[in-house]
């Protein structure tokens, strides 16, 4: 079966919506986890990984995924190792930006068969962040497939991992999945919860989002997903709880609350249906989730992290095959 | 045919003059571009790449070239990842320099089969920059071949790329090649124009250099190459125009002019014989070259960047073969 | 013969005492130096290398060793590329530390088959440094073998290299080996001398330590090894002299002396039995050891550096085999 049926668009993985057939992609990832059947597929191909921000799991799991496919990996901390990039079209480049994304993306496309990029939002200007300028510029100017390693508005490799992990662990046909906000000392992006909501909306699950007032996610992402401001109510009968902080979308990029009563504790766990507890990591222990929960057998955060490799491998595999077939 | 006939000196690629037979080297690079016939040559060999300055094209294209030959690549941002190096012979090392180049180069030679180094000039002291201390210290103390990834005075991998690109694209037997200065907000090295002039002097081309007064390149490099301060005059009938900024050699390292009339524009392009426009990148758009030119079909800057891989591969291949034969 | 007889503990290389059969391990390293008989052993396995501090030899020699075994290597400058780590158990993570070592080590164990870590001491609080918190936290929380790339209190890869080098070069059955302190402008860790003393105590050598008053090493390391404050006396009849600075253990982390009479000079060399001069590098020339000695044929510092590869290869090989067998 051709992979044109898996990807909507030919050649990028920018949002979860770039996957057309989600169940098939999840199955592919689980197959690769069981047995690496594509070890030679990437031979002679190169993955370029570009970081504008720190990374541990994404960096190492994607590098590992590429190598499991036989690809070479070239890694750059863009602003530290390379040149400061200009993203504005038509800019007169007489200030501190040394290279235009137009040229950088075109050049990288000469050396790499797939380009993967991480670039966080500034969290100061909502309109600007929603343009998702860095990843979309690479998409626009690169002539090879582009993979999102977490952009201003989404983290689709994490979301695919999360879908994979729930699929692996669910023991009812239609589990209740709760995404709950939790406090955090710093203002964080909405990219992880955005992509999680998007992928869950395509799964056979009952999804509930719970967060304090003022923390409702982008309506264009939420759509008709139920949102409640009563965390305890939301947690009832939950089979999976995804705990995650994000900064306000309405009062864009600000911290409206550090309310400790939203920290995910043993007491909160007891409200659930013995739920599996998920988090994308890194997690602030005893602020976002208590040690007692993270160190309990209900926590699946390490298994989630392991699955990053296979989600990335499935995506890279499909991009490589796409290239071959078309 | 033995490669002793290609390289003048046994085992380094420090300046373009280290290539004895330029045409043969260009042909080799073009052959490798068409088909990677040397994929196993570097197996079990290691390229060490050392950066004292930022790099994108040089870093990735050389890494890729090495991997196309089957080599392993070890990469270091020297001053960030390693120890601050002392270059002065006989120094009493009681200040902030932790390791002498003598030892660093000898040690790296234990782990690497070829060492490649990037180290820009300070642009403050001409005599000091002309010693080209970093690359020449590696040459002196390393016991394996040393490759110049751009030094204080030259960028021979770029120059070989440029010769390659002109060879590929020329449609007259003896094209007119113009190297023109252009404005830039920062003081840049003369390394790229130096090596370009050196390589063009060995090609079957009519080379003209044009720059404002005070910007004449080192006379030892220029030799008898024609220099004019009238850009429009120089551009007439040009088949190739290499646009590049450099800081003054005479008033060493300073910016004497930011004259916008030297920016390479559509109007300038019209003066030429529908010339191919070259630049080593990164390029300051609308300062060095206008968008209208860079985004036109006359621009070959991306093709140039692609050719970096094959120039590097030809050089590494010859160094590997040199090692084997002697 | 099973490698359970070489390693005391199953799966780490944290201190030299993790090697049970030192002679066998040295022989293995020397065999690997002569011929790489284990080029396929690490295929499909990944070494993760984590740096909290600069490194040149350790970084490159260990990377090379892993690749000689066919392993993939993933490299991170932890605090620069990744997240700032929290090491305190039970911490409420509401300050600047983004990820707990518990989670980082568990996650890295999902991507790597062996984890190697470099983390220097702070040299401010002796009790804290002696906990060797970073390496021991990885040991505690990782589920794969952990290798010490130099920790607060030891540098066992260097020590194994040193044992290897002495074994290679000794021409008497029981050489006299002198470890001598030398001056240095900065306060350095005791990790190298500690591990050197530990490994020499297990070799058939006469070991003497010489240092100024106030610089005696940790009594728990020294044990019954002879210590003299008279350098000239100590050097008499020495077959090997290991020159190294360290900061005071008693007045912890301080510089008590920069006495130039302790610099290892040609005059000092003449006091020995034409000794081989060793140093782990990087070395401050003309402060720790004079040029005249380092550039003489008595110096074996480059050969030592070369042996780092084979010591690392022997350790990694044994850890890989351990994993396979049990």
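We call the chains A, B and C, going by the order they appear; numbering starts again at 1 in every chain.
Basically, contacts are C-beta pairs under 8 Å (C-beta built on N, C-alpha and C of every residue); 3 or more make two chains touch, one makes a residue touch a chain.
Here the structure is a predicted model, which means the values were calculated and not measured.
Copies chain B and chain C of the same sequence differ by a rotation of 120 degrees once their CA atoms are superposed, given in steps of 5. In the contact between chain A and chain B, the residue numbers used by both copies make up under half of all numbers at that interface. Once the centre of each chain is set as its mean CA position, chain A and chain B turn out to be 39 Å apart.
Counting partners per residue, chain A has 80 as the residues that reach two or more other chains. Interface residues of chain C, counted against chain B in their complex, comprise 51, 54-57, 59-61, 63-64, 67, 77, 80, 185, 281-287, 291, 294-295, 301-302, 305-306, 309. Every residue of chain C that touches chain A in the complex is listed here, in rising order: 46, 48, 72, 74, 76, 80-83, 86, 90-95, 98-100, 102-104, 106-108, 110-112.
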